[in-house]
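Across the two complexes that follow, subunit A remains constant while its partner is subunit B and subsequently subunit C.
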Partner chain A sequence: MPDIVIIGAGPAGIRAAETLAEQRLPVTLVDEGERGGGQIYRRQPAGFRRSYASLYGSEAGKAKALHDTFDRLKARIDYRPNTLAWNIADNVLHTVTGAVARRLRFDAAILATGATDRLIPVDGWTTPGVYSLGAAQIALKAQACAIGGAVVFMGTGPLLYLVACQYVKAGARVAAVLDTSPLSARHQALPRLLTSRPGLALRGLRLILQLRSAGIPVETGITPLAIANDGANVTGLRYRSSSGEIEELACDAVGLGYHLRPETQLADLAGCALSFDETSRLWLPKTDPDGRASVAGLYLAGDGARIAGADAAEISGRLAAYAVLADLGHGVPESKRRALHRAARRLERFRLALAQAFPWPHWLAGEIADEVLVCRCEKISAGELRHAATTLGAAELNRAKAFSRVGMGRCQGRYCGTIAAEIVAATCGRPVDGVGRLRGQAPVKPLPLATTAEEAA
Partner chain B sequence: MSFRRLAETERRAITFEVDGHAVAALEGDTYLTAIRIAGLALRRSEFGDGPRAGFCLMGACQDCWIWTQAGERLRACSTTAEAGTRLLTEPDAGMWPCPIS
Partner chain C sequence: MSEKADVLIIGGGLMGAASAFFLRQRGLSVLLVEHDRIGQQASGVNFGNVRRHGRPAEQMELSNRAHEIWTKLPALVGEDCEFLRTGHLRVGYHEADEEALADYASSVRDFGLGLEILGRKALNERFSQVSEKVKVASFSPYCAHANPRITAPAFGRAAARLGAKIFEQTICESFGRAGADFEIHTRDGRRFQAATLLLTCGAWTGAMAAQFGETVPLAVRGPQMGVTEPMPYALKPVIGVFTEKLEQMIYLRQIKRGNVVFGGGGRGPASTATRRASVDPTITLNQFRQLRELVPALGRLRLIRVWSGVESYLPDDRPVMGESAAVPGLFYAFGFCGHGFQLGPGVGATMAELIATGRTSIPIAPYTIGRFGSGQGTERSSSRRLH
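Moving on to the complex of A and B:
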């Protein structure tokens, strides 16, 4: 029997595991979290009582279906929760559970590692009370808390409006929603949004209307300036409006996020080729339409391959499993596969339209003042990074990292990497794909201090 | 003030300690949630730029490290609070710096 391993128990990984288990193939599913479900369908702790409808809103049915599938599946596969995959090379996955390290040999690996928030630093963003947009949602979903008593959501992307609405519905006070994307971009993208996924596009419009009718200020085309604080707490926020006025708002917490970035470190360590995606200005693993990576035996699915949302993650999980089956010489239901491809193409059109409606504001790289910390881990400022890029001649990101230490800290560049590339590019007057990308390094996350020697298992 | 509870307040009350101070929590809270409900920061940046209280809540940014008395490093955002635990916001001398392993 071939050894198949899936990393990530979100929508993509669960659908991949289900598809393979249906063919009675042995599957090992590794996830760092305690409970399966991934990000969007994150489960609340045992003992919490909120209903699916209150937790997942319009997506309650999908959440329930995925959780039910997973609960049935768990007994039929080798599911390893609380298990970090920290390296992958030569058909071996290196994992750690608690402090126990293990080596897993595989014939096929599906990387379904999801995404994290994509950030742009702003003065004051390390103050307690400032969280990523995803964090603001996790506080609500997993802990039934708001990140503060008067919350501003700032950044761009559909998640900005979704999380703000979820807060309002749950009874939290939202002080404002501040979007860096200009309104004109949304108007231009609207026809493409409506033709690719009319239902979802209308739901998005409804979110904005809901916020407005709740009396919450919603602004577009803003430039973030600073998060005001007294050294220990957030006291307010300063931004430039689309008409150029400097505005100030009082608040005690900020949810900050500019879309998501895929977790590509394992793909990178496995030697998979990445290519630059002009639309998102991100480096994404190269795949064929079924999710095959450039390295034999490796497959990608879900947000870890490209940020296309939960429905696309389920589809790409199934497709990647079909690709594994085909490559192992098993039959694949061709009509189902073709239907999945059709659906995936429609969702890809929506992804592109969303990126047009809510562009990644790379232009802010030039607006970040020299004193602002780019790297939260090691306290490195935009000025230090610019100095490395110019005076020290590091017009390439990994050299800039070596000189300035940006991207070397505990988060391994997850929160500074994409903006650091924009800062280096803007400083040196080069296109952002010309300055390279931070290379993945093992371990992809810090290991427990007392990790024991590896056992093969 | 920091975190606010919006629901699920009927859980059993527990307490744990941070640097010798009692922190109230509800069963099912993460350490980070309880510490933020109490209006406290989690730790001070080792680079002297002030207090921190986590950032991503999903185990990716590593900005919420906290230590048990036995020297185990925890991510406060994804560790469920246990009654009676005694936590330290700084590791014992000799354990730091240890960014990777």
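Moving on to the complex of A and C:
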């Protein structure tokens, strides 16, 4: 029997595991979380009793279906929760559970590693009370907590409005929603949004209407200037409005985020080729339409391959499983596969339209003041990074990292890497794909030195 | 386009960059051609040990020359390269190690290392973080460590300020002759020529030397490096284990920011073709075990990054340094067997002296490329300037 491993138990990983288990193939599912479900359909901790409707709103049915599938599946597969995949090479996945390291040899691996927040530093962003949008949502979903008593959500992308609405619905006070995307971009993208996924596009519009009817100021085309603090906590926020006026708002917490970025480290460590995606200005693993990576035996699915959301993740998870089946010489239901491809193409059109409606505001890279920290792990400022890029001649991102330490800390550039590239590019007057990307280095996340190999334990 | 100078250096690692710097100090014009970026391979990825302790007596004059230069970096190249004189502690897990450590100390007693042999009591008093399992240690107070990522580039920039012409991302495609001069042709069609050619390309030098009829048994491997998250700065000396067992042979240093850098316990695969080297996860996990044995408090930290790079090794654990045994005007400095970082500035000064004056007081005869018995090259040396 072939060894198949799936990394990540979100929508993509669960659908992939389900598809393979239906063919009675042995599957090992490795997940960092305590309970399957991933992030967008994150399950509340045991003992919490909120309803699906209150947790997932319009997506409650999908969340329930996915969780039910997973609960039925769990006993039939080798499911390993609380397990970090810290390295991958030569058809071996290296995992750690607690302090025990294990080697998992595989013939096929589906990387369904999901995404994290994409951030842009602004003066004051490291003040306690500033959270990423994703973290603000997790606080609500997992712990039923709001990040503050008067929250401003700032950034861009659909998650900005979704999280703001979830906060309003949960009874939290939202002081404002500030979007860096100009209104004109949204108007231009609207026809494509409506034709590719009319239902979802209308739900998105409804979110904005809900916020407005709750009396919450929603602004577009803003430029973030600073998050004010009293030396300890967030006290307010300053921004420039689309008409150029400097505005100030009082708040005690900020949810910050500009779309998501795929977690590509495992694909990178495995040697998969990545290519620059002009639309998102991100480096994405190259795949064929079924999710095959450039390295034989490796497959990608879900937001870890490209940010297209939960529905697309379920589809790509099934497609990657079909690809594994086909490559292992099993039959694949061609009509189902073709239907999934059709759906995937429609969702891809929606992804491109969303990127047009809510562009990643790379132009802010030039606005970040020299004193503002870019790499918070290593406490490196934008000025220090610019010094490396100019005076020290590091016009390439890994070189700038070597000289400045940006991206050398605990997060290994997962949070600062994309904006650091924009800063180096803007400083050197080069296109952002011309400055490269941070090369992945193990471990994927910090690995305790207390870790012992299983055979030695 | 054609460039001409007194000396053409191929390879911008620490050896090449420091040679360029000291050649300019001596007034010779210099072209330095680097395949990628200055200091990106072995010079940039090593552990950062600025250590004389443990080197054989035959290497001590070269090492001492480097030692002098390291303390003067701010005046010479404009920055200290995070040079930190913390001392180096070589520890043994067996009481019987004391004799070997003492024998070593007496073998180098004329070179000013100031070694002290420490027993359990002294270790408790002075280096209490070190495990009780360590029975004896040799402490070298003047040894130090520095940041390899920034050192070779600092020498490169300083050389450029003195007038060396540095060509990064310039790929040497073939060697030829232009009259009496060496001439190289680059992939993008440029030509560089000089009467003197210095090859300092680390692991890549083997293939080049072969083109001049000199073959060396160069092995290509990668160091296995790692770094932890930061903890308060407390572990001052660089620590290395004195042992015959490869898996126990690890070393570590804490930098002022708090991170602990470590390596050892074996080497990994590396390739001159892909220009990449990898870290073997099995070695990383063994390093964890060894680090916990050596400094138990480290067991509470987490690893945040591993790395490697392309290094070259020779069977007698000695580098190649000096003039070609086959071709007049051709010089080498490569194959530093994983311990070239401390030597680097001294190698640069010595190669510059040798090229500029035809001689050096540093005893480098053991490092001649001729020791591999391949001096029967296509071009025979008519005049030997080495003595």
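Methods note: the second predicted complex is superposed on the first by the 452 of 457 C-alpha atoms of A that agree within 3 Å, B and C clash if a C-alpha of one lies under 4 Å from a C-alpha of the other, contacts with A are read in each partner's own complex, and residues count from 1 in each chain.
Methods note: contacts are C-beta pairs under 8 Å (C-beta built on N, C-alpha and C of every residue); 3 or more make two chains touch, one makes a residue touch a chain.
Model, not experiment: these values are computed from the prediction.
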First (subunit B), second (subunit C), both or neither touched by A:P446: both
First, second, both or neither for A:A226, with subunit B first and subunit C second: neither
Partner chain(s) touched by A:A101 [first = subunit B, second = subunit C, both, neither]: second
Subunit B versus subunit C as contact partner of A:L205, first or second or both or neither: neither
Which superposed partner A:L190 touches (first subunit B, second subunit C, both, neither): neither
Which superposed partner A:R410 touches (first subunit B, second subunit C, both, neither): both
In the superposition, subunit B vs subunit C on subunit A residues touched: B
Which of subunit B and subunit C A:A135 touches, first, second, both or neither: first
Touching partner for A:R49 - first (subunit B), second (subunit C), both, neither: first
Residues on subunit A lying within both footprints (that of subunit B and that of subunit C): 378, 409-410, 443, 446-451
Residues of subunit B defined as touching subunit A within the complex: 1-11, 27-30, 33, 36-37, 41-42, 45, 47-63, 65, 71-73, 77-78, 80, 95, 98-101
Of subunit A, residues touching subunit B in the complex: 32-34, 39, 44-50, 116-117, 126-132, 134-135, 138-140, 142-149, 170-172, 231-233, 252-253, 373, 376-379, 409-411, 414-415, 443, 445-451
Subunit A residues touching subunit C - in the complex, by the definition given at the top: 87, 89, 94, 101, 103, 378, 392-393, 396, 399, 402-403, 408-410, 412, 441-443, 446-453, 456
Residues of subunit C touching subunit A in the complex: 37, 40, 44, 149-150, 153, 157, 228-229, 257, 278-279, 281-282, 284-285, 288-289, 291-292, 298-307
